[in-house]
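Which chain is which? They are A, B, C and D, in the order written, and residues in each are numbered from 1.
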Amino acid sequence: MEAEEVGARLRERFPDVVVEPFPGTAGRIRFPAARLIELLTEVRDGLGFDHLGQVGAIDWVEERELFYTVWSDRAKQYLFLSTRIPAGEPHLESLTPVFPSANWHEREACELVGITFDHHPDLRPLLTPTGYQFHPLLRSFRLHEPEELEVKVRDV
Amino acid sequence: MWINMGPQHPMTHGLWNLRVKIDGELVLDVDPEMGYLHRGIEKISEDRHYNEIITLMDRTCYVAGMAWEHLFIQAAEHALHIQVPERAQWIRTMSEEFQRVASHLMWYAAFVQDIGLMSPFLYGMRDRDLVLDLFQSYTGGRLTYEYMRVGGVRNDLPPGFTDQARKVCDWLSDRFVEYDRLCLGSDIFHRRCDNLGVLKASECIRYGITGPMLRSAGVARDLRKDRPYAAYGQVDFEVAVADGADVTGRYLVRMEELRQSLRILRQTLDWLDRNAGPVMAENVPRWMGAPYAPVGREGYLLKREYPKGVGFSAIEEPHGEALAYVVNEGGEHPYRVKLKSPVFVNIAAARQYLVGYRVADIPPIMGSVDVCVGEVDR
Amino acid sequence: MAPLSLYGVSNSLVSTLLLHLAAVLPAPLSTLLSNGDLILLLSVLVFCGTLLGASLLNTILLIWFERKMLGRFMDRRGAMHVGYAGLLQNFADGLKLFRKHTFRPQDADPLGFFSAPTAYMVASIVMFGILPVSTGWSAGTLPLSLLLALVVFSFAPLFIFLGAWSSANKYSLIGGMRSAAQMIAYEVPILLAVVAVVLLSGSFDLTTIVNEQRNYWFWGPLFLALIVFVAGMLAEMERIPFDLPEAEAELVEGWNTEFGGMLFAFFMLADYARALVGSYLIVLLFLGGWTLPSWVPAPLTNFPLAGIFWFQVKTYLVFGVFIWIRASLPRVRTDQLLRVGWMRMIPLSLLSIVLAALVVLAKCLPVFGCLPSMGS
Amino acid sequence: MGSVSAAPTALRAATNAEMPLPMITEPAVSFVEIETLRAREFVPAAKEALGSMLSEQAQGKLIRPMFNWAGRNSLFPLHWGLACCAIEFAAAFGARWDAERFGVVPRSSPRQCDLLIVNGTVTWKVAHKLIALYEQMPEPKWVIAMGNCATGGGPFRTAYSVVPGVDKLVPVDVYIAGCPPRPEALLDGILRLEQLIKERKE
């Protein structure tokens, strides 16, 4: 499956998405965040990309990008989807109704990049310690040499 | 009653916590708690040069370092538009397969300990050491290699390596017979493992599960076959599949994969004997990937600008499908590195294959999932 | 040669010592020393001390034996740097555990927590006083020593449950429950298997049972009972494949998770004492005890302490089989274990009783002549 | 405890020759009580005397070396895998290196351990659990920091979630360099710890 084919099959229902070629995959789809559930359902059922590979988030300072990788067993190919949401109000519909495996990916994106997923069943922090206040994968979060940190251990 | 299995528990084989709600011996609910080994590899990568990230990749999954190096290097080469010479591709293929053998042997050792077999644990560790010795002879490391470079591999194989490697392959294929006798030959093994931790193919796909867990459910899906990378398109092997979707099925798949890996290894060793050539690409800057080059500091002085680009790679890691996504915004560090670990997804679905079984079944089931916490927490 | 007996040796030792002392000491004291009661008391003390010391030494040797054997099965060497071939390793472990800080978890019940290991230890060691290791080397000939042995042997696990319950740990509790369930499930087949032995030998006295085996050992006619008994003993000793109460993979250390230092050492030592006692019982009931077949040349059976020597050799061989099983079998699950116990072992042991009865009947047929006496 | 303070006077009165002996039919203090009080006075004194004798004579020559010998020859490490080094830790107990030769047997429960081998990266999330495990181990206990991560953070030193060295959390006796250290290095570290225990004066 090529990018043109994917584009052709999506053009009728989703005129607002852009399909561009991406080497090594079936293409990359850029879509508005509001159409997430609709588009992913169509990609899963209509195009046959029924296996969610990953959900990742990137911080582009002014806005945040979410990208989804799905795999089709029939086409033996990956398909990339990405959307951008403003950094001021980083929230998005959760993908868990369509792909249950998005659960932990979204938890991770929430705590590391600071994106809130609406209607997510369980948005507790996954990797960072309880009560950790920062989103480490934001560009504004800088790493320190440990000497600058005051070392404190909680009493057990 | 909730009990914590972890972070210090013999079942975990790593640093994570499985909270289990039990009624007597019955498991009612589970809640995996990760992050005890979260080292921020993705964040550190943003501050590091490409070849410095290889160091981190080895430690991301400490039982499959070579596979993760391969994963990241492929994504980086994709992002930086670098072509890799053929011999380097074959050496990478060989390294990854040896890594698969080592990782599966480690899995075997840990898994049999979970069902209470004592001596095969040591047999697995002993035979794994032979593979690690091979790694040591051409990379210098046992677990962490820093062997692959952007554009190829660090150095060519030492003379006489292939003969030694063939000997190890022959020895191992003899040992696998004994392994099977110890496990499959035992009635207790079948009583313990048959119809245990069942996750059907449709559920596997719904929950995004890959690797031996998916193949044990009868889905013949292997990126080495479906989306061949490196030299996998030119070698002859079969995808190991089992039906049953249970612990025994996962055992059978992994043991068959070990045999297929030896088959691939023999082919790659033959190819490497016949063909010589460069192992490092021409168009890579010398400071970046040349053999024995001081890595990193020179690079900062040169301030080379890379073309902008996005790299994506997917490999069939011993645990399943691993994905890497590297964004390069023109600097000498990647802008963002996103790694997807197969174990991350497999553990996330723990509720699907643990609830309803007994407390005593948790170790074999989690053992058959083959948890490597390093790549889950990153 | 005259059979040596441990009690006789200690008796003559004490009386000789006292006699020499009496010769040296002035009159009023010497009459006191030659008192028969004092000699009896002292010789009993010496006897008990020797028996206890020898048994514990034997237990520690058994631990060493297991560690070395297990090492060999696993293609490694086991302890080898402390003493010759690691013989002193377990003494070092014991001394170290003795020095460790003894403590109690905050929520643990002090009475149960501290008394359970001690009681378990005592209950396991008492067995050594009951079981005869050779003719004349037991504490006494009780007419029902087999019953007493089984009672004491199955009594000890109660203290496991006590310790598990009082250490206020979930893993300990699960381990203790499993231990109790498995003890109860395997008590019954063991007793039934023993009934077969009793039928064939016609006596509850272990010495008599062994003497009955002078011509043929019981494992031949009672093979089923032997299988049931060995399986039951594996469960009683909590060894792989039936070591569920301390299943390391799921219950960290099982019922002894919270025990450290000397308390843990007690549990460990008592465990191996029970393993030794279990092997003793198998040898006594099925493998002819200290007797050897008649075709064995006389020099092999005639040297001093030959009975004890061959008894220990047999015991260690039996325990070697247990180690072999441990090295090569996976662990079963609780429900499977219980199902096997209730639904396979009990019918098998009943069958073995029937077989034993048939053998007894057959022995009385004139065709076979009158084989050894049918008890009293 | 009024009776305790009053009792010695009565006792001394009873043994004083000048005073008339109390009537046998009605003793001021019963025999059992006298014996108890005597024992109360005697036991601490005897304890002290014995203790001082032991500490001066035997402890230095016999008891301490004996216990040190026992302690250094049976180190039970905690069976706990943190990260990469845990794999090499496991390999050290495998057939090729076989740490059990030195009496090193991993136990899963901290109650039965006397050696905490920190074999991997320690994150802040696991820090207090590590301290809890350390405190659950009974005295005397030792800690080996295995590998660069446990020693000083290793390659993850700059990361936001990593403890830069486990000695910030628990006292460390032996550091082993390497990333990860080979099993030989771990065995060497254990032997060095044995040397430390041998020289212990406590």
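Just so we're on the same page, a contact is a pair of C-beta atoms (placed from the backbone, for glycine too) under 8 Å apart; a residue touches a chain by one contact, two chains touch by 3 or more.
The shown structure was predicted, so the numbers you read here are calculated from the model rather than taken from an experiment.
Trainee: Greatest Cα-centroid separation from chain A: which chain?
Mentor: Max centre-to-centre separation from chain A belongs to C.
Trainee: Averaging over Cα atoms per chain, report the distance between chain A and chain B in Å.
Mentor: The separation of the two C-alpha centroids amounts to 24 Å.
Trainee: Distance-wise, how many Å sit between the C-alpha centres of chain B and chain C, to the nearest whole number?
Mentor: Averaging C-alpha atoms per chain gives centres 48 Å apart.
Trainee: Distance from the CA centroid of chain B to that of chain D, rounded to the nearest Å?
Mentor: Chain centres of chain B and chain D, defined by C-alpha means, are spaced 41 Å apart.
Trainee: Averaging over Cα atoms per chain, report the distance between chain C and chain D in Å.
Mentor: From the centre of chain C to the centre of chain D is 33 Å.
Trainee: In chain C, what residues contact two or more other chains?
Mentor: Touching at least two other chains: 74-76, 248, 252.
Trainee: Quick check: what residues of chain A touch more than one other chain, meaning two or more?
Mentor: 127-129, 136, 141, 143 - these are the residues of chain A that touch more than one other chain.
Trainee: At which residue positions does chain B touch at least two other chains?
Mentor: Each of 9-10, 35, 38, 40, 43-44, 47, 122-123, 126 in chain B touches at least two other chains.
Trainee: Between which chains does touch occur?
Mentor: A-B, A-D, B-C, B-D, C-D
Trainee: Which stretch or stretches of chain B touch chain D in the complex?
Mentor: 7-10, 12-15, 35-41, 43-44, 47, 55-56, 59, 62-63, 106, 109, 122-123, 125-126, 128-129, 142-144, 373-374
Trainee: For a test of understanding, state which residues of chain D touch chain C in their complex under the given definition.
Mentor: Per the stated touch rule, the residues are 66-67, 69-71, 73-74, 94-95, 98, 100-103, 107-109, 111-112, 114, 137-140.
Trainee: State the interface residues of chain A toward chain D in the complex, per the touch definition above.
Mentor: 127-130, 134, 136, 141, 143-146, 149, 151, 153-154, 156
Trainee: So in the complex, which bits of chain B are touching chain A?
Mentor: Residue list for chain B touching chain A: 34-35, 38, 40, 42-44, 47, 78, 205-210, 219, 221, 226-227, 310, 312-314, 321, 323, 325, 327, 335-336, 338, 340, 344-345, 348-349, 377-378.
Trainee: Touching chain A in the complex: which residues of chain D?
Mentor: By the definition above, chain D touches chain A via 123-125, 127-128, 131-132, 135, 153, 157-161, 163-164, 168-169.
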